[in-house]
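Structure record follows, encoded as structure tokens.
Letters A, B, C and D mark the chains as written, and numbering starts fresh at 1 in each.
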């Protein structure tokens, strides 16, 4: 196992053993067999010189740069970010030094040089309103750019909930007409890495998988890698036993909250959210939302913004009595109307009554 | 529509409509039924302790002497599934939370393991009652589409709720959405099917008790 | 207000922790098979303990069964890792921790010497270069 | 000759009220009412399930008085009620229902099924679907004065007989008496001892009483057939008679339906509260017993049991007095299973005994009574309803059971010492 990456890492003070340990842990996180860890380490370590590294184009659309922040500011930048040493990141507005025409040239050069082979990463949603005028780069709408760049891509990674499902811009009433990558591109393999932002390890893991095996990992029906999104937050949550015992924090500062009881009643969306936060955790395994005392927002699920309020328990509907008053009035009106008709009918029958005589018993 | 959208709809608009139709239906039906009125009884009454509409409302919850033996499945199965439903509906923590959000009223719930047991027992009792309806000549003879239909719409919320909690068949989110949806179906059909007995049985018992109480018969 | 003034205490749920899942005994048989292959074909292999549905009690049981061997290796690389031989030579209990001390992955490795313990040829070359530098400094 | 479906439907629309609407809306098809009905328990035929006997009326209710039912009818999901269907239902509404009220007593949602059958009969009779047997009885009651065709001269002859036998004068049309005694035809023809018994009892109690020449017949075939107009004609005679004679209390004879017709339906039929009280003879005897006005001597020594007439006990609330009276004169009084409030019907109440074509079914249903009797094996059977008595005798004869049936009033009278008679005379 040798190559430019190891040398680069060594220069940054990362030893070979540290790298191997990282790969083993990454494989474990992705539910790959232990042998895959070594394979990944070897594949990445053997990454060729800069000119031959796989080309990656990163297109930012309607986004907040949170996804980029997530990976570049992860706890151990050298390790999580080492993936960038394996790839040739030919276009990434936030990170690249070039700007303006230079940047555009770099993009088109990379597209031309690696046609059909480059990996396209997208973060942010694509606005369709006003012919896409809500978000333009170099005079082109995001829609145009996406279609153009996607054409030559080997695969597309939709990074973050916006690219994967439309995210915050897509939230009701969706003023920009934002849609996801998969709403537009239908003929390329797309992997969604939702989350607001996604867990850095997940990003690294997916890229490592692609680089090592040349394929995308197994996906669920929402296009997410099963290894990370296979189970709900609730099922892997360390507070789950409290849910089963019916012990719930009622407010953020009551004794239940101090005792670390279940946050279901405070609006935790853990039961309907598929993500790896509970096991992988954040900030290098320091903590994750529930451990910090806040319920899960459900950010890796489609349309989580519109799922009825972050602090409303899942069992609590938004406003079920909204129509109650109207319904009661209409019901009462209908009832009264029917009553009148019925009483009219009854008294008509009564007034039409002919006193029966014996003869009237016969037909 | 993905499952979160479905869940959002059933918890939002769907439930709004279902509750609306339910309330509308209940009020309308109550008017429709009770506005027909009845004639005043002109015969001299004979009052006896324990004979009145109110007495009958409570007394009819107990089986008359000897009847349990005659139709054990109806009584035991019936009690089991009605009580089971009450436990599952009113003592499961997420349900209490819903009621609290609607009414402000709250009470302690039961551990989920107990609710789980109650749900299973309820479903078992309902299946037994259904089998009885199929097997017993009288019940089969009386049964109409409405009987099978109302059994189904009552059974589904219990089944889907239980499956959601147990993570069976479908992802929790989808199951939860289906659970709420099935409750909505139940709410919508309740006022217009025999399930409306949940409301009218009080009126019926009261009338029966009153008419008989007038004669000094404790029914 | 200092942070420690906020009275937050985590009460360990401890419900599932104490129960054996019954998966651990099967693991012993698998390890035996892996050791046989190591002997007959020299093939090394590993089991990812986090990928299996094991409870803390299972792990404890396994640890007790396998026992403690003679060698305990500590690796300092982005957090401490321990590579300990069990009472069954050739079976190593490998635990990787992050710099904060939390377990990030855990394996049972079947090998004469764990992969990570061996020094890599390139590293040895670098080490030799360093030695030579030291020697040249002597003169 | 003017009965028609249209008329029947109109009458049903008139009588369907909030209780009926509530009952139909509450039924969950649990079938428990069947277990309470002797026509089902003895035949096992589910068509005799009480609530099923109301199916045409239920559909009519739904179609006429519910919005959804109207819609269902419009789109053809709910078939209109036809004359043929009502004809088919005649057996269920009349032959196999004695208005005994056991179903109403067990229904878990509280449906008073008998209340509905009674109302359904209004529509059945108005549409010409009442059985000939009861129609004949109604006809005779209205035109002749009694369902069995008994006229005043026959009553007078009976009075004369009794006066001779007992040596007590029988007052007729005496004004201002405390009691006006009613009879049922059966008592006039089959059980004349009843009148004598009354005379003895009244004499001992020192009460004034009278018969009424314009209203001696208490039974009301109009009510049995389910026609309020005819029932009103019959009951009005009694009201007029009682008011003319200014009596305080009218005594219903040992006849269940006569009691219901007079005590509970009467005021509603004439449309105003009565100015007099109505009591069943057993109630009156019970009062005499309580006030010490009834003195008996000696006891029956054989094993006796009591059959509670449905209209007296379950539908009339008189359950204890007859038991106290039995104990007054019987040493060996045993109760049948289910006796009292939940007693099983003789099988011939509510006009059913007048329906010839229903006889086979009636005898089949009598097996219930037979099993009750088999459980206690009495030497004699006492009751307080002349109709029950006839039906019981027929059934006992059919099943070759040698158990004589007697009326409670007569049995009590037999134990009233003769000296009282002579003292008074």
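As a convention for this text, contacts are C-beta pairs under 8 Å (C-beta built on N, C-alpha and C of every residue); 3 or more make two chains touch, one makes a residue touch a chain.
In this text, all values refer to a predicted model and were calculated from it rather than measured experimentally.
For the pairs A-D and A-B, the larger set of C-beta contacts lies at A-B.
Centre-to-centre separation of chain A and chain D, using mean CA positions: 78 Å. We define each chain's centre as the mean of its Cα atoms; on that basis chain B and chain D are separated by 38 Å.
Between the Cα centres of chain B and chain C there is a gap of 58 Å.
Looking at chain B, residues 28-29, 32, 35-37 sit in touch with two or more other chains. The residues of chain D that reach two or more other chains are 16, 65-67, listed in rising order. In chain C, no position touches at least two other chains.
Taken together, the touching pairs give a contact graph of some other shape, not a line, ring, star or complete one. Every residue of chain C that touches chain A in the complex is listed here, in rising order: 7-11, 13-16, 45-48, 50-51, 75, 77-78, 81, 96, 98-100, 102, 104-105, 107, 109, 115-116, 120, 122-123.
Those residues of chain A that touch chain B in the complex are listed here as 222, 232, 234-235, 243-246, 248, 264-265, 271-272, 274, 298, 301-304, 306-308, 312-324, 326-328, 330-332, 334-336, 338-339, 342-343, 346.
Note for the complex: chain D touches chain B at residues 16-23, 25-32, 34-36, 40, 44, 46-47, 49, 51-52, 65-68, 104-112, 115, 263-268, 271-274, 277-278, 314-317, 338, 341-342.
Across the interface of their complex, chain D is touched by residues 334, 338, 342, 345-346, 349-350, 352-363 of chain A. Chain B contributes residues 28-29, 32-39, 41-44, 46, 48, 51, 56-57, 60-61, 63-67, 70-71, 74, 78, 136-144, 147, 192, 194, 196-197, 200-201, 203-209, 211-212, 215-217, 219 to its touches with chain D in the complex.
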